[in-house]
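Right, one structure below, let's go through it.
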Amino acid sequence: MSGTRAGGPSAAPAIPTGRSRRVRGRPLLHTSYAQDMALLDTRAKRVSAAALVLLALALSAVLTDPALEVLAAAYVLAIGAIGLNIVTGYAGQVSLGHAFFVAIGAYTAAALSGPPGGDTLGYGITEIWVWLPAAGLAAAAAGVLVAPLATRLRGLYLAIVTLGLVFLGEHVFKEWQELTGGVGVGREAAVPTLLGVRLDQDGAFGTREQQLYLLMLVLLVVFAVAARNLARSRVGRAFAAIRDRDIAAAVIGVPLTRYKVLAFGVSSFYAGCAGALLFTLSGYVEPGSFNLLLSVQFIAMVLIGGVATVSGAIAGALFLSLLQPLTRALPALVPVISGDTTQTPNVFQVETVLYGLLIVLFLIFEPRGLFGLWIRVRNYWKSWPFSY
Amino acid sequence: MLEIRNLEVVYDDVMLVLRGVSLVVPPGSIVALLGANGAGKTTLLRALSGLLDVHDGEVTKGAVTLEGEPIHHLRPAQIVRRGISQVMEGRRILAELTVEENLRVGGHTAAESHLGRVYGLFPVLRERRGSVAGYLSGGEQQMLAVGRALMAGPRYLLLDEPSLGLAPSLVAQVRDLVVEINRQGTTVLLVEQNATMALSIASHGYVMETGKVVMDKPAADLLADEDIKEFYLGAVRSFREVKHYKRRKRWLS
Amino acid sequence: GDDEGGQNARTTGVTSEPCPSAVDGNKGCIYLGTISDLTAGPFAALAVPITDAQKAFWARVNKAGGIGGKYEVDVTRYVRDNKYNPEVHRQVYNEIKEQVLGLAQTLGSPTTAAILGDLKANSVVSAPASWTSAWEFEDVVIETGASYCVEAMNAVDYAMEAHRPKSVMAVHLAGDYGADAAAGAKVAAEAHGLEFTSVETPPGATEQGRAITEITRAEPDLVILTTGPADAATIVGQSAAAGFKGRFIGTAPTWNPALLKSPAAEALKALYEQSSPGKSWDADTPGHQAMRASLPGVTPNDGYTSGWAWAYPMKAALEKMVADGDVSRAGLLAAVKSLKTVDYEGMLPPEAGNYADDPDTAAFRQTLINKPDDSAPTGVTEVRDFFTGPTAKSYTFDGPCFAKL
Amino acid sequence: MTGTLETIIRGLGNGSVYALLALGFVIIYKATRVISFAQPALMLAGAVAVSYLAPVTGFYLGALLAALLIAAVALGIERVAIRPMVGRPVFVVAIITLGIDVVVRVVVNSLIGRDVRQVGDPWGFDLVALGPLVVQQRWLAMMAAAAALVTLLFAFFRHSKYGLAMRAAAYDQETALAQGVSVSAVFAVSWALAGFLAAVAGMFVGTGQGIEQTTWIVALKALPAIIVGGLDSLGGAVAGGLVIGVVESLFQSYQGAYLPWLGQNFAIVSPYVVMLVVLLVRPYGLFGTREVERV
Amino acid sequence: MSVLEVADVHLSFAGVKAIDGVSFEVGPAELLAVIGPNGAGKTSVFNVLSGVYRPQSGRVEFLGEDLLARRPHEIAAMGMARTFQNVELFHNLTVLDNLMLGRHHHFRYGALSALWWFGRARRAELAARAEVEEIIDFLELEAWRRHPVRLLPYGVQKRVELGRALAMEPRLLLLDEPVAGMNLEETEDMARFVLDIRDELGIPIVLVDHDMGLVMDLADRVLVLDFGRPVALGTPAEVQQDPRVVEAYLGGTA
């Protein structure tokens, strides 16, 4: 609106943009827009974020290796879930094709880092800072190619078309044995080397699992912060605008096609990186892994965690990743359930059923996801003792 | 008789929106309900038609009774079957259905079809009967919303801002229509921003503010009330004058 | 990391305390893990009987005095469901790996491949539940019976005598199972100068349209099938209905006794034979008798027979380990590497258990041929006892077959 | 030529089954805007129920009872897990159906056991000659059954208020409620119908070769079918199912010979390719309702 | 020179003639009102102007440039801003974010700077925030800044929508029924804002509304449409007297 007003912002009352000290005891009193727009805008948030990261770091020393591996996988899945959240949560383009982009990342990285001259494609570049971005970019390129479809399709039409991608991808990966090793056979995954140090072998920085855990943790933090930045920028707002009301978004100046393409591109980049990393944990990729179920798991993570929040995606990934071990542990506590596979119900059936049921129950009772749960708790304490 | 006694409504378990509202709609009457935005008028209608549930709202105190029988715990379909029908705020057209399909949905619970009557009232709708309702203009959609509620042949009609977005000549028509259906035996509870219109046909008026009824008088008395004149009916003055005394200085700074 | 659980800190998966359901409270316990497809995966129907048979097998071993009179073996405490997913397989393996000495069962090739690095690094001896030829080349994996690859070679060689085909078609699933057999069929067909084609087909009975079209169009004299049972029923039933007169030989997992109750039964009886890496349920060997006695009341199924047979090498290796005095993972692996024969109680020839020699020498090359028979418990009776065909005999194993199709 | 015609008839037969499955998906979608991922499990459950009932009651009665039983099961699922979700985001509900699918499938798997189960159908692989064409009887049975059911369904939707009530409920539950539509009844009816259809489809899938634990995958064929037809169109579901069936059948028969460079078994993904092609021309499928948007 | 020139525009949808030969001009700093019965084509005219509908024939020039070949976001970038008949805000976003979105095409930084944030992106966002705060101040939205707009009262939503349009720094502002559904007080506020925008900022405005009090009071000229055709164009006084207008639109009671 400064169009006709002399001087634009400078004519307005002086706007403090730098950091300034906060009045003690009033955490929400911001005295500059910079403070107000900061990622962690209260002291409490900064402290708890730092504490969380420190805790996560500390876990690497405390937990056993198998537990670390589960968590490391959860972190990688969280990167993928954040990616899906960008296209589905923020930009509203429901994609069931995430597994496809994950696969592209996984195979790009595997091919780059694989040994040259073996049964499967390999270029022997094991440095992670080469194959990780490459995997992301390859997946992003695929995302950008697919995105124009999204500009024509809506809702579940798009969802099922992207699901078609997964099936087409399965076919291609199955046929392209040079790259993938073929169904039921598979190939070695990307080898994580950082400046010459192999992170998938016990080494200077700890055991294999500790090193991989730390790698995934650091990467998760980087990817999460970047996603938060994106979300609070013009790009994130444009995504949200397209999601909420696309005609209105266009009319106020958001180019729809460009932003849908961008959303798919960024989301697929995240997926690609997640794919590249995910299989370094087991060291092994098999083309059957990139199926509908994987896509659905990512959707479930986003929904369970809370749509359109980065922390929700992380929480969702953790929840689902830890749910499996949990459901394996639970039946053991109920001695009447038989461990004998000949009997019904046996523990294995119970654990599989529990997995399904827990997801169902969780969504029934907290449809807004873990993030919604958090908001509820917070609101309760905010209004306590006046519950209304 | 439709009666609300000491009603309290809470949204999301925390937001207390109606704080002990009492209101009576005698059979055969037109009752106007006025109030500032956010006063809780729509909430009150939702409590009457059983739609609070959809909004995570809950009646925590008081009662809604129809002919003495409490109905606030009934499901919406049951309430409609008892003869209470609502024109929802914001038109709520079923955009993907055609005009006629919208009307037929409105007649879901009715034994006989009131299609002819509605088309008689709104000829535009007859003309566009096969069109996809979502493409109608705003005002046409409003007509459809009113028409749809009439399809149920209700005994009690709850109208939430029926004149919204209608051209002046149509506002007059809607007013006449309300009078007419009331004459034919339908009791009307009319929520309106157009207070002049509402009070001109109502027998009784309620004024709500922040979840409470603050005034409750025969319509004629309300029309004469100074406060009502000031805040709801508007003195006859130019908008150009309004802004000068209120705001000009601050904007220029 | 390697920090071991249990009080016997140096020996993972072995305790001086008795097993949870010990026969003799004075013996120690050797824990073996089982990772199988127990609920939702594609092999659940086979995995459950395999797992049950192995439980019965080790119970019998324990009752008979355990291992070397010092230990009993437990395979019930660390059983996990892999849902036939490599990632899950690895997770559950990680959960139990510090608790077990070895694996009594690790089902599936891609799933096992996901833990193979770890198995090798930590010398975790494991019995697979699949017959892919890749296992010949892994020290820690103690396979039993001939691979799918050999099975198919022998099937073709057998057919050369019995049916004199001029053309062979392999109809197979993709990967370590189907492609392994197809590769064997190809080698044999080429050795005999037969016309060979291979048709990869997807799993699922409704997906077999193409396979049936190819069969009825090309009319090969012999079809080597490596699919699932319902797939086989469709292929054989519909091909026969369309007038196909050639022969089918299916590999072991292609068969299911219930097929004889299916509409394809007549066609199967007329055209189908089944190759097998071992004798079927009702065979008259001490091993089979023991198995039947240990599994009273079950519906006969070759899953039991396979599961039971797969356990013998592990038993032999454990006994050797205890006898040699080094009760540890390293000791077990050393024991495995010294095994030239295994006593299968007649279920398989002893030389099937050769883990000492190089893969080509050690590879076991004998299989059998069965034919459908309503009266037999698993629906088949033997038509040809253990034999090695000329193709398999002269073939040099220098890598997994499936890589060569 | 006769070969091609026979291929097409096979495609129409399988396509009729896909059509029944697709109808189940579409009916639930029409009423709730949710794609129910529980359909595969219900299909399998239906087939298994027939396999248990047929030996006792005979095939036809068994099939009917099984379909009714599965309809009841679907009704129960709706009541317990879907009803509380009225008004919630559809994707959340979709994921819930996925959880249900897992649960039902585990139960059904334990009923299947390790053998291939037979549904006891009278057709087997028997053939019938139609002039020069020789086709399997069961394909004709599938077509006939699908045609009959589709006719019944269309009649139901035409002559009852449910068709319209369903669409109203799907578009805006609150508005539908306000018009006196019992949204919960609409949901229940649609789930029951979908369960019934899934069971019938499952029974047909089991004809001939029988059913295994992995048979549920067939149900996914309905997904491209409903997109080809248009997500909310009953007619579209039928058309989509048939198109998918025929295309798949043609690919099965001829792709290997004419388009070998597409790789082995391209037929599996051919439904998705058809779907993409259709969507490029018509973003709402052949008969789907265009989303209405105006400002 | 006129800001906007519309000449003989025709638009029809399957049998419905929404716009049937409409021509008009908007002069600098002019406030033109468009009125007409429901379904007369007023909103459709707006939709043509903002690129949502493409007319079958006719000519539209905005600031001397042809509009019809352009897409909505390009037209927005040229300086055309509008509000909608039914509030079209981004419901899950806060007031602040909705207003910031108005400034979307004024930003110059791309996705990569956004991921990194520090530097370009942050500076641009802070500057934009300052601009937006002024609008918040002007429209008295301070109290609502952080609220998701779906939770706001209707009248406030309308104001936010106006704010979003203003944040675009428009050269022409289209207002579609800005006071529909508002109570008296809110209507008065809105009228004040409209006049201020026109008088203080000199932004020309096209206004559609059914509130005759408002229209006749504020407009410089009034265009009357009926069935997509222009019926009258003139000062409020002239139009009010026109018998065709009275018959088609105002009815006996106006």
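As written, the chain order gives the labels A, B, C, D and E, with residue 1 at the start of each chain.
We take it that a residue touches a chain if its C-beta (ideal position, glycine included) is under 8 Å from a C-beta of that chain, and two chains touch if they have at least 3 such contacts.
Model, not experiment: these values are computed from the prediction.
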Output for shared partners of chain C and chain E reads A, D
Contact tally winner between D-E and B-E is B-E
Maximum distance between Cα centroids and chain B occurs for chain C
With centres defined as the mean of Cα atoms, the chain at greatest distance from chain E is chain C
Cα centroid separation, chain B vs chain D, in Å, comes to 44
Rounded to the nearest Å, the gap between Cα centres of chain A and chain C is 39
Separation of the C-alpha centres, chain C versus chain D, in whole Å, is 37
When centres are defined as mean Cα positions, the distance from chain A to chain B in whole Å is 46
Shared-interface residues of chain B (touching two or more other chains) are 135
For chain A, residue numbers touching 2 or more other chains are 174, 247-248, 251, 349, 352
Expected list for chain C, residues touching two or more other chains, is 39-40, 48, 174
As the complex stands, chain E meets chain A at residues 50-52, 71-73, 75-77, 81-82, 84, 88-93, 97, 100-102, 104-105, 107, 109, 111, 113-117, 121-122, 124-127, 129-131, 133-135, 138, 164-171, 201-203
Chain E contacts chain D in the complex at 43, 47, 52, 84-86, 88
Counting only contacts in the complex, chain D reaches chain B at residues 87, 161, 164-165, 167-168, 171-185, 289-294
Residue positions on chain B within touch of chain D in the complex are 49-51, 54, 75-77, 79-81, 85-86, 88, 92, 94-97, 101, 104-106, 108-109, 132-135, 148, 152
Within the complex, chain C is touched by chain D residues 7, 10, 14, 102, 105-106, 109, 112-118, 121, 123-127, 134, 136, 205, 208-215, 217-218, 248-249, 251-253, 255-256, 264-265, 267-268
